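Both complexes shown next keep chain A, but they swap its partner, so chain B is in the first and chain C is in the second.
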Partner chain A sequence: MSAGASPDTGRATGISRWRAARPALSQTTRGWTVAAVLLVLAVIFPQVITNQVATQIGVDTMLFVAAAVAWNLFSGFTGYISLGAAVFFGTGAYTVGIAALHWNITGDAEFALLPLAALAAGVVAVPFGLIALRVRRHTFVVITIAIFFIFQLMAFNLNITGGSVGISAPFLTWAPETFNNPFYYMALALAAGAAVLAWLIRGSRFGLQLRAIRDDEDRARGLGVRAMRVKLAAFVISGMVIGLVGAIWFFFIGQVLPQYGFDPLFDLSVALMTFFGGFGTLWGPILGALILEPSEQYLTLRVSNSYASELVWGTLFLLVILFFSRGVIPIVGEWMTAWRTRGQRLAGQPAADEAAAPGPAAPGPAQQPSTPSGRSAR
Partner chain B sequence: MGRELYRAIVDGILYGGVYALMAVGLTLIFGVLDIINIAQGILVVLAAYLSYVLSVHLHIDLFVGLLVTVPVMFLVGVAIQVLFMQRLRGRERTSMSLLASYAVMIIIEGVLYLAFGADYVQLNASYVNNSVYLLGFYLPYIYLYGFGLAVLLVIGLYLLLYRTGFGRSLRALMQDQTAARLVGININRVSALAFGIGVAVTAVGGMVFGATNAFNANSGYDLISRLLAIVILGGMGSIGGALVAAVFMSVTEAIVDIWSPTWSVVVFYAALVVVLTFRPQGLFGQREARAQ
Partner chain C sequence: MSVLLRTQDVCKTFGGVQALADCSIEVEQGSIAGLIGPNGSGKTTLFNMITGYGRVDRGDVFLGDRKITNLPPDKVFGHGISRTFQLTRVFSRLTVMENMIVGAHYSERTQGVRRFRNPLARAGGPATRQRAMDLLEFTGIADHAGALAETLSYGQRKLLELSYVLMANPAIVLLDEPAGGINPTLIATIADRIRDLNAQGTTFLIVEHNMDFVMGLCDRVTVLDYGNAVVSGSPEVIRSDHRVLDAYLGTAEDDDES
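Up next is the complex of A and B:
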């Protein structure tokens, strides 16, 4: 259960449920409004701000939005925390790189190779998933890390990947001042597509099965969910999107080296962004990436020493895990609800106060006591 | 050929002992606390840098320096447990602790880069450069000393776990935390000590690693991937399994190294994947209980 949807699902009795349903409805409308506003802002961003550094940060941010949403689509929905996302990222990047090199594809035609990246990442995800998804929780995490390192080692050692020299992308003869824009819109389209996909999956029977696995896999299996098949499907879908992210990133940067194609910090970043925003929620990975990636890029620009920015990044990550592991958005949402309902009570209405308390006012105070025991890790 | 193979096996066993020591620390922390300490690799590098500072700037012998680095690393371990890990609660505690230790790893890596830069360094001493003629070939003394020390410490850890009251409470904690609390074991204290011991062994591992390899802050990634692979292969939480897997990894690598140095590591990981396909819990691991 996501913290966003949970307030009105747990309550039982009639009137209070009916009352609780109303804010939920307006929340959905608000969600659509926010989505529309964000999308419009995102579309006009490179037209208004033409600074190349800013648009480059924009491309990176959109790529991370797509990656975090895709990561959350598997890990957030099923509760299987994967630290092997970079496997798909690197696979996507290397696939288009090798294909362009061997088929002598140059210029704009390289973008026709993008579907191949998704395909390759999907193909890699099947054996990866079949091995890793046999175990749960921390053992799963560790196995994803181990498989990630296998891929990085292979990228270093195979001939086809160019070893530590890596692979260069076909040269694009685009004007430098608008070079970033096509990439920005590609990344934005991918991010929006991934978000819509996550939204569709979440509302579907498939999404329900994924969340049933997260809450109690054995019980879900007992109720007839084919756990392995469902998990693997989500794993493959998530991997394909991340593979596309890797391919676009490769064309954008112009080359891939083993340590950046298969980058442990990438694994960590998508997880951090999702946890920061809200693990398992729809908005969490989007807002997490929108907040953290530009901050990190800005930090790297300001603090010229990349090691210092790594230090700050790690500290930030640790603080998020220790104090905001349920996600900034659910926590801030609770604060806002608590603040708003306190205002209501101060405003008076002694007669309505009794009746209103279990209704719209309930989500804040009612959820807070349950957090330390049950949902603190979410 | 036969001679090369023989040498590879001896090398592999000697070096495997050192890996075993570092992996035992990792598996001990996991067994007692259900925490996968991803920072173990960078802690080994941190210990290696500590030995480096002691030997280069203060001219203290590497083995004498252990008298300083072991307690320091012990305290680092206790601090990580008390400051960060102990605060994590709830159902996803293990996964969260994994992420938290990953963050600790990045922080320590950043500090090491800031303090020492990206240049590779190596520990130096007379016994690192001098070799002894033994079993038909020359072997640097450090391999023998390192192996001997690792074996002694693993035996010491074994005795601590199975022959003392503290070890009994540790093992009780491994079996059932609630029951351990009920019979009056101070969970926080034992946990902190276990984490401290698990990290303290990296002081020895780091010294031998630093004397036999050139290292920088980035070496932590290579180390942790090997250590994790060893611990998974042996079975999470199994100390004997970690020993066997460490020696297996080291020997496999040394043998494949005769033909192709670049593929030696990959072969070990491939072996790991094959084992996991048939035995997801590792060689000596317990099958995982129901998730909740």
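Up next is the complex of A and C:
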């Protein structure tokens, strides 16, 4: 707000004015700059670093960026914490797997099946959402976990999913040195697309309704927000993106087993990444996935004992939820604001935080010192 | 004058508690109606039944000639009934302006050719923002338009809630204790704003414990007791009605015994 600018005019050097005006001016500009730099870095990454282990981590990371952004698009915006994201991941993977198997699709043609993954995940999301979104908070979390395990059980036991043997993807006759690159760019495109979608939704009327539901769903309904419809729409969109993530992952790995298609660690990971980066923010899930997924992979590579990495993962989850649940982005953002405004605090300007400090009385006409009004005593 | 809002023999029980028993009230178009009664007499329950926050067991609610019994809250709002809550509810992590735009979304949504509306349209067009600023000026919190609602004081939140329920041009506004927990100056301000809005054609139904506020503002007051509308009339009538004194102070028999 411009309230911060007025106290500065007393000592108005050019710099201080520029500083005061800066936050409003650069908030979006800075976001776009960071986005552009990140995108350029992401695009040139596999060209510069051709190590296959590194590019493989790159693919996984980009898939998790897309999944975390999509998860946040529903859970972060509405406050409904879903631990059933793997339902869509697995649905996407199995859908393209089963379709390729039954329609005898081989080689590169398999990628034509990707829209089917989004569609199937979206179709699954409708009854899932209609059941789970009837309840809130803890009950919602429990229902999503229950539905997740139903899907895992089905994958283990149905004939069509191949039971515990799973399903193999069509074989790709690509050169091993550059095998990862097309997957990397596919995942990157999906991640970037999901981020743009999240950005569009957040600023839209639709996104505002989601955030109103997060703050007070019943109040929002009383202002004409059709809560169920809006929540379900976000849930389906989120599920479709995660379904695509699952399909790309399946083609990349070449095989899906029930315990990896419907993996509880996937549920936890997307949630952890989003909470770590900043729940409900635009940058949070991106940052969280970019930091945590490579770290986790690196850890797995270094410590050959997989239990150790899961132990570290679980501990980190606890620490983040307990002490850092608002995420890196909001907390660091506050530090930066505190640092930038430290001079104003020292100058002791009462007006500087006018908006933040609740006034003693109502503003406007009611702000005159309250004299006993003419009303008769009670 | 025609009746704008009417409940007819509305009944509601919670477990074994009869919250509303054949409760019938009427609010005339263009009036400021008051609803009073002791704690637990069913005032807020009646609000909830009218606005869709709960289903009536029996009975009907009418807005004009239209039956709106048991419609969900968003539909009730769409028909032109806005309400505030006893414990003020604003969207704490949205800015004041965003709070206002949430209130406008319904009317924005229903404007224009609905089939071709863009779901990703930016929230709040220029007309909406202008109307929001006008309303915030009107209630006196325009300076805080860019602040997060959680930074507002309790009184300011009351004003914000009053402001955003007006965004959709409601036919009738239900206020649940608009004068509760705020200072006398602000109470006077809110009373003035209600009078201004009423002069512009908005009908009000107000639940309030502050008798001076109710008696000074309302054209007609209805008294609830044990979920039943026991008496209804002008403030002068209500002041002197023995049934009201009974409801608030205990029955005459009780007095005799004491």
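Keep this in mind: the second predicted complex is superposed on the first by the 315 of 378 C-alpha atoms of A that agree within 3 Å, B and C clash if a C-alpha of one lies under 4 Å from a C-alpha of the other, contacts with A are read in each partner's own complex, and residues count from 1 in each chain.
The rule is simple: a contact is a pair of C-beta atoms (placed from the backbone, for glycine too) under 8 Å apart; a residue touches a chain by one contact, two chains touch by 3 or more.
Quick caveat: nothing in here was measured; it's all calculated off a predicted structure.
Contacts of A:Tyr307 after superposition on the shared chain: chain B is touched, whereas chain C is not. Contacts of A:Ile160 after superposition: neither chain B nor chain C is touched. Contact with chain B, but none with chain C, is seen for A:Ile131 once the two complexes are overlaid on the shared chain. In the superposed model, A:Leu200 lies in contact with chain C only, and not with chain B.
Of the two partner chains placed by superposition, A:Val332 touches none, neither chain B nor chain C. Contacts of A:Ala189 after superposition: neither chain B nor chain C is touched.
In the superposition on chain A, contact of A:Asp218 is made with both chain B and chain C.
Using the contact criterion defined above for the overlaid structures, shared-chain residue A:Thr315 touches chain B, although it does not reach chain C.
Once the two complexes are overlaid on the shared chain, A:Ile44 sits clear of chain B and of chain C alike. Touched by chain B in one complex and by chain C in the other are residues 216, 218, 372-373, 375-376, 378 of chain A. Residues 34, 36, 38, 84, 87-96, 98-100, 102-107, 109-111, 113-114, 221, 225, 228-229, 231-232, 236, 262-263, 265-266, 269-270, 272-273, 276-277, 280-281, 288, 290-292 of chain B touch chain A in their complex.
By the touch rule above, chain A contacts chain B in their complex via residues 79, 81, 83, 131, 134-139, 141-143, 145-147, 149-150, 153-154, 156-157, 216-218, 264-265, 268, 271-272, 275, 305, 307-308, 310-315, 317-318, 321-322, 325, 372-378.
Across the interface of their complex, chain C is touched by residues 1, 200-201, 203-209, 211-212, 214-216, 218-227, 354-368, 370-373, 375-376, 378 of chain A.
Here chain C touches chain A in the complex through residues 51-53, 72-74, 76-78, 82-83, 85, 89-94, 98, 101-103, 105-106, 108-109, 119-124, 139-144, 146-147, 151-153, 155-156, 159, 164-165, 168, 182-189, 210-212, 216, going by the rule given at the top.
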